[in-house]
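A, B and C are the chain letters, set down in written order, and residue numbers restart from 1 in every chain.
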Amino acid sequence: MATSLGELAVRFGIELVGDPAAEVSRVATLANADSESISFFANRAYREQLRKTNAAAVLVHPDDAKDCPVNALLADDPYLAYARIADVLCPFPDLVPGIHESAVIASSAKVADTAEVSANAVVGDDCLIGEQVYVGAGAVVGPRCTIGDNSRINANATLVQDVHMGERCIVHPGAVIGADGFGNAMSDVGWVKVPQLGGVRIGNDVEIGSNTTIDRGAIDDTVIGDGVRLDNLIQIAHNVEIGDHTAMAAFTGISGSTIIGKRCMFAGRAGVVGHINICDDVVVGGATMISKDIKEPGFYTASFPAEKAKDWRRMVARFRSIDELFRRVRKLEKSAGNDDE
Amino acid sequence: MATSLGELAVRFGIELVGDPAAEVSRVATLANADSESISFFANRAYREQLRKTNAAAVLVHPDDAKDCPVNALLADDPYLAYARIADVLCPFPDLVPGIHESAVIASSAKVADTAEVSANAVVGDDCLIGEQVYVGAGAVVGPRCTIGDNSRINANATLVQDVHMGERCIVHPGAVIGADGFGNAMSDVGWVKVPQLGGVRIGNDVEIGSNTTIDRGAIDDTVIGDGVRLDNLIQIAHNVEIGDHTAMAAFTGISGSTIIGKRCMFAGRAGVVGHINICDDVVVGGATMISKDIKEPGFYTASFPAEKAKDWRRMVARFRSIDELFRRVRKLEKSAGNDDE
Amino acid sequence: MATSLGELAVRFGIELVGDPAAEVSRVATLANADSESISFFANRAYREQLRKTNAAAVLVHPDDAKDCPVNALLADDPYLAYARIADVLCPFPDLVPGIHESAVIASSAKVADTAEVSANAVVGDDCLIGEQVYVGAGAVVGPRCTIGDNSRINANATLVQDVHMGERCIVHPGAVIGADGFGNAMSDVGWVKVPQLGGVRIGNDVEIGSNTTIDRGAIDDTVIGDGVRLDNLIQIAHNVEIGDHTAMAAFTGISGSTIIGKRCMFAGRAGVVGHINICDDVVVGGATMISKDIKEPGFYTASFPAEKAKDWRRMVARFRSIDELFRRVRKLEKSAGNDDE
């Protein structure tokens, strides 16, 4: 659907520097844009692409408008403005309401007339599937789950049981929500399984990535707040609670019963041990393990930059003698009379 | 089902300090327990909750009984006692024997009459599905698999082929067992796939977490011992052997042909390189990579605690000069005449 | 199918030291081989097994032939030769062309007559499924995907949409290709989803491991080159490009828009941040995070060997004082008059 830049400027409250009658009908990257495309500039690494773009228009920060050779739409956060405009230009396909003949729906489940349940999906006992919900091919929604209006459970995802999800959520393929947590007690004949009896409560506007796993609570529920964003291949253990609008990148793992605050951000492969508290507004660097409470907002990290292997091995060998080095320095200090250091 | 504390004390051989006629009908956390709930105290971080609990009874270690304001059941391992009592109070739902009409069972497969095969599950050629086995919705059991009595293959799990599993095992959703291992030989035209021909042998009482992957052996089988516990999102490569009662937390990865002993414990994101041996009773810390044989039981680790980013960056910068520091100290020692250090 | 060593030697251009009339009908490990088996020796850790093997023949490097007690087939790369011979002795089972009656195929999809579509698989609108393609049980191929001849989409794998895959590819169970990337812009009401609109282009001869995830591009496509090998549980984010014949072991993660060269190798749990470039022929060690461009081929790493926990804790405590140590050494140098160091 073609839209004029003037319309976009008015609708999104953005200043236009250029021709309000120019039309755009699709989005494109700076490098691949053509005269019907709108693009955005949000990462300075791509400045050369901005200077050479053939887009009809580019969303840019006012400070970067000087480098934009075409119509410029000035936004304080061009990426956010792009997200909103792309949603208008490239709307999500409409649902095809109804239940595919190959889907299996328990007789006690209630599925809204406006919902779409795809081929070979399975919906279990006592489920409530809301208005305009999408259940993808091969997805399994186990007993006693509720799915709020306009949420999407994509292909081959599994909601095991007792998952209560708000509105406008998205669960990507292969995600598993509500499986047993890892609860084991050692006995003299080996591990005894600790029964896992809780559910999972998920707020509104939550997105859960492909093959991510969120375990049911051991007794009480595991809780995911509103607006939480989880990337692919994340592990959320039993009884974790994640505050509103917290985002986690791939391979993040949160161990059991840990409570994470609001608006936290975890880079890829971050981890948090069990039974601790992370306050609001904490940012955790990539490949960093948090092993005790964090009570102060800020950026925490513990990862080393990669080195050429030869250099790294020398550093590691030295590191393994670091205790000895401290003792040698102490001895030098004593010799030098720096005894009170 | 309500049970008196007196009955529980007798049945599980636990000392009761309190009213034997008091009844409990469910389990609860210390914080959320009410007068019909039994709870447990196993982590000192929750001592305040113990002191304030409204539970009917609490499983506690004798040393902690003084802090229990309600009926106390004294157990040396309250968590273990809880696991056993919860299993009685909250038993697993009974199976509904039979094969759902939408499931597809190969004509050469044998499925016990007492087994339950759910909607849209698939069972392949020459499979043997034991007594009271559960095969969940959308699960796929490929050719030549055997599943021992009372085991559960949950929704959307995949046993690719030649998986031989004992009794009372649990496979959680999305787990993939028996897919090809990562075997590639480089040639002058690129990688050549090394045929993967083995199977997977799994003992009794094994639990395998959601989206965990266990590859088939390249030639001989991959082997998982009795009582092994694998959390979610674990990778077990081809021809790994894991000893009885070893437990691994999420994101643990074991590379090909490595042999892991009995009763080992791996914290989250632990890793082991290929073709090595880890002896019995080894504990590996979180985010720790083991790169050579371990012949002595004990606790091994290699992860750094997170720091505020500013502090961390200074430490890393110093670390990158550590070789130079050693040389500077050596020079000081020479000047000071500590030459024989 | 039994084959004589003489035939194998001629067919694969390998020198035989032994009896050309001896026959082999299967492959085996050195330890478990019998008089009908061919084995290989490619890892010196198994030299004792070579010396004791009961195989009919062993593929060995000429330098190791002296330790081979049976017929020897001399190959510069015994593992590669083994891969090719195993492929002949243990060929992949033939397809059973046709569409299982429980599979659901969109009317607009085109499936070659020689393809096999298994039970409860789903193929969406406008798909093109090539000659001798295998689609496993429960696999979902979403709209507008093309799958080249002789490729295999195994059980419960998901191609979400707009995935274009070449010939002879293998996708293992639980893999998810073409789901939305992790694109979020922060607004004053929380995260706004950035529409994900691109597809995934995959070359020929690509193998993708179990539960691995490859996201669709945000605007342009995510691109996987010819001959790429991805192990299990790998994350490839939106708009990543991976060069031909690059191989990645389990848990490797590549963040968005990063470009990886040809013939690179990533050990397990390697990671690369977003928006950077890695040149051809880079090898990355296990558990190593790459955070800036690499322009020079070579081996890069940043992981520490595990230590006994007591030793490790002492090293870490010292490391946390490393800045102070540098200052103490500087002071000693000043005292010693080494001021120009």
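We adopt the following convention: a contact is a pair of C-beta atoms (placed from the backbone, for glycine too) under 8 Å apart; a residue touches a chain by one contact, two chains touch by 3 or more.
Keep in mind the model is a prediction, meaning the values are calculated, not measured.
Trainee: Quick one: compare the interface residues of chain A with those of chain B and tell me same or different, with half as the dividing line.
Mentor: The interface is built from different residue numbers on each side, given that under half of them are used by both copies.
Trainee: What is the Cα-based rotation angle between copies chain A and chain C, on a 0 to 180° scale and rounded to a multiple of 5?
Mentor: Fitting chain A to chain C on C-alpha atoms yields 120 degrees.
Trainee: Suppose each chain is reduced to the average of its Cα coordinates; what separation in Å results between chain A and chain B?
Mentor: Inter-chain centre distance comes to 25 Å.
Trainee: Residues touching two or more other chains, restricted to chain C: which are they?
Mentor: Residues 102, 120, 138, 156, 174, 211, 233, 251, 269, 287, 304-305, 307, 319, 322, 325, 329, 332, 336 of chain C touch two or more partner chains.
Trainee: In their shared complex, at which residues does chain B touch chain A?
Mentor: On the chain B side, the touching residues are 27-29, 32, 43, 45, 77, 79-80, 82-84, 86-87, 90, 92, 100, 102, 118-120, 136-138, 154-156, 170, 172-174, 205, 207, 209-211, 226-227, 229, 231-233, 244-245, 247, 249-251, 268-269, 286-287, 303-309, 312, 316, 319-320, 322-323, 325-326, 329, 332-333, 336, 338, 341.
Trainee: Along chain C, where are the residues that touch chain A in the complex?
Mentor: Spelled out, the residues of chain C in touch with chain A are 102, 104, 120, 122, 124, 138, 140, 142, 156, 158, 160, 174, 176, 179-180, 182-187, 190-195, 197, 211, 213, 215, 219-220, 233, 235, 237, 251, 253, 255, 269, 271, 273, 275, 284-285, 287-292, 298-302, 304-305, 307, 314-315, 318-319, 321-322, 325, 328-329, 331-332, 335-336.
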